[in-house]
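Below, each structure is written out as structure tokens.
Each of the next two complexes has chain A plus one other chain: chain B in the first, chain C in the second.
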Partner chain A sequence: MGIQSLKTGSRSRSVMSGNTLIYPGDFESIATVTVGSGGTSSVEFTSIPGTYSHLQIRAICKNNNTSTGDDSITIQFNSDTGTTYSGHALYGSGSAVSAFGSADMVNGYAGLCNRSNASFASMFTGNVIDILDYANTNKYKTVRSLGGADQNGSGGIIFNSGNWRSTSAVTSIKLVQNFVQYSTFALYGIRG
Partner chain B sequence: MAAGRTYTPIARTTLSTASSTVTFSSISGSYTDLVLVVNSRNAATATCWVTLNSDSGSNYSNTILEGNGSTSVSARQSNQTRGYTTYNSGPVSTNFSFNQIINFMNYSNTTTYKTFLSRANEASRATETLVTLWRSTAAITSIVYESNSNFQAGSTFTLYGIAAA
Partner chain C sequence: MALQLFKIASTTVESPVTNIEFTSIPSGYTDLILHYSLRGTGTNSNEIRITYNGVTSGYSNIELYGSGSSVGSISAGTAYFYAGESPAVNDTANTFGSGTMYIPNYTSSNQKSVSSEAVEENNSSTNNTLYLNAGLCTNTGAITSIKIQPDGSFTWVANSTATLYGIL
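What follows is the complex of A and B.
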């Protein structure tokens, strides 16, 4: 996070724990997807330019599962469906804390999606997903996310971290769930 | 493809005297998300909340995940009259403060209830994250950030707007 004086416009650094270093003005909107009335089984950003240092996806979402609860969002890069993903998660259910980890998966996990139970009307989860150093061709790629689904008496909050074992620059990102109308995904690039 | 630079400072308050309340009002609906960054120290042990659009009905709920260095907990509050954001220990030491970043997601749409994600850190106590639901489809036009103990002079509160393409 960076601080910019509203009076003088001067910029200074303020790195807060766990957050990407950002100078206001170096955060750029790339593309946005809002799901229409028919819903969709995935949202994909393609032809992502390599001109930024990091990417961030900010989303609200809900899926078409009519049970109670919430579901993880899966993430894939560059249409890679090989067993090249691994990840960890820390989840709070409102009463207990649990941790998960998996290796050699065909996709990663990033955030939460509310279900469409009748009691969850108008409730959408919030998610912030960071893809770090996505254009670097010398290292595997790391993803982190924070997602939360509160349903006034149920729900959960989750931290995800993930690794995609590829040195390719990320040029496309696919998020998979049966997203319903009004789910919205905005992709940003962070210069550095 | 890119639509322009964003993450724009909207307003910033630096307290010159202690106060228990900071208000951002007449918030423009021209952004997609809001981010409130707080760096503060309270006069005493304090709980902090937000109230949106002056709504004091029982429309707020949250789910919390917290770790203090030895234990982790998750907790929940339902049907609250304001949105809990964090708890802090007050003036543990002269130079200690807590920070908090709150992401108000899609705050200006008038179709969905509003969800916000928060991270709070107090080095002397714990780190905490939570998701809060405000059961209203109204666009957020005002935010009151308050505490049951005064925020000390020098505390800063900065509101940013992020606009999607």
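What follows is the complex of A and C.
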């Protein structure tokens, strides 16, 4: 039996019947992908339910480029590959800061991916990607992300935004990079 | 126990409003998170101004921003937390900004520190801005209400949303 605290509004399960006390919360896992051996050129979440208010992706990743540096992760929604995206970034390299943006692109930006240079062994990047009101059919979809690629002496941090000019509910999300094994992507739904 | 998020309240604007306010915020959480997706009726953008408990003095802000190919950092004392800017009339139609403010230790008797990230999206290579902000307010009262309003006499348009969460 579910109960709700009148003081805090928090919800939990009653222990009166002997249930273990849990707090279900409003931040729920929808799906998780861990890239296997051989890697993959993209990770896609499909059949995303429209029952949440917001989505968040937490990604730890690396690509197969053996040069030094890092690369942007790109994002597409609902398999739309038209020029319906814009993307913008604020980037810091450790010694300089820059900003850039583009209109009418075939994808948006969503974070950074460390490369697989020999000196970057076991160094993956962390990214958090937010998509508010993803199922709201009255507005275009704005994506916002913060990612960091630290390479122990080099690297970068990036704050991205992007817009998909569609009022359709987001039902699938594709993240594109040549991701290597052990890259992990977790999609969460946030109730509101 | 693992960190968990609980919705406290949410608002979807149905017709233009001068502000969005959450009142009677319960004290039973550790921190607060505020998600906002806003569009204003200004010309090029609208500031997102956040106050708590009706307090209109003692706020200070530091910002890092990127606008087109320009970057900068500013600081200012204000009558509100500055939480970025939203798209407005001259920006791409149907486009709303996206932002999150983190409000730690909101019931403490200390001065209140916040951080926020927000984007004013627009289908343009130059006319958009990304914002990372830090704020401090000298008022030490426990936060029981939060108001989100645009600058000037502008309003938030229909389908603007804000959701307040508590963290345990």
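Just so it is clear, the second predicted complex is superposed on the first by the 168 of 192 C-alpha atoms of A that agree within 3 Å, B and C clash if a C-alpha of one lies under 4 Å from a C-alpha of the other, contacts with A are read in each partner's own complex, and residues count from 1 in each chain.
We adopt the following convention: a residue touches a chain if its C-beta (ideal position, glycine included) is under 8 Å from a C-beta of that chain, and two chains touch if they have at least 3 such contacts.
These numbers were taken from a predicted model, which means no experiment stands behind them.
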Simultaneous placement of chain C and chain B on chain A, clash or fit: clash
Contacts of A:Gly126 with chain B and chain C, given as first, second, both or neither: first
Which superposed partner A:Phe159 touches (first chain B, second chain C, both, neither): both
Partner chain in contact with A:Ala118 - chain B first, chain C second, else both or neither: neither
Contacts of A:Leu90 with chain B and chain C, given as first, second, both or neither: both
Partner chain(s) touched by A:Gly192 [first = chain B, second = chain C, both, neither]: second
Chain B versus chain C as contact partner of A:Phe27, first or second or both or neither: both
A:Arg144 touches, of chain B and chain C: first, second, both or neither? second
Identified clashing stretch of chain C versus chain B [43-51, 79-87, 133-141 or 151-159]: 133-141
Shared contact residues on chain A - chain B and chain C: 25-27, 90-91, 97, 146, 159
Touching residues (chain side chain A, partner chain B) in the complex: 1, 3-4, 6, 16-19, 22, 24-32, 47, 49, 58-60, 90-97, 122-128, 146-153, 155-157, 159, 182, 184, 186, 188-189
Of all residues in chain B, those that touch chain A in their complex: 1-9, 11-12, 32-33, 37, 61-66, 72-76, 78-79, 99, 101, 103, 105-106, 109, 111-113, 115-117, 119, 121, 127, 129-133, 135, 137, 158, 160, 162-165
Contact footprint of chain A on chain C as seen in their complex: 1, 4-8, 10, 26-29, 35-37, 64-71, 92, 94-100, 117-119, 121-126, 128, 130, 132, 158-159, 161, 163, 165-166, 168
Residue ranges of chain A touching chain C (in the complex, touch as defined): 5, 7-11, 23, 25-27, 53-54, 86, 88-91, 97-104, 130-133, 136, 138-140, 142-144, 146, 159-163, 165, 167, 190-192
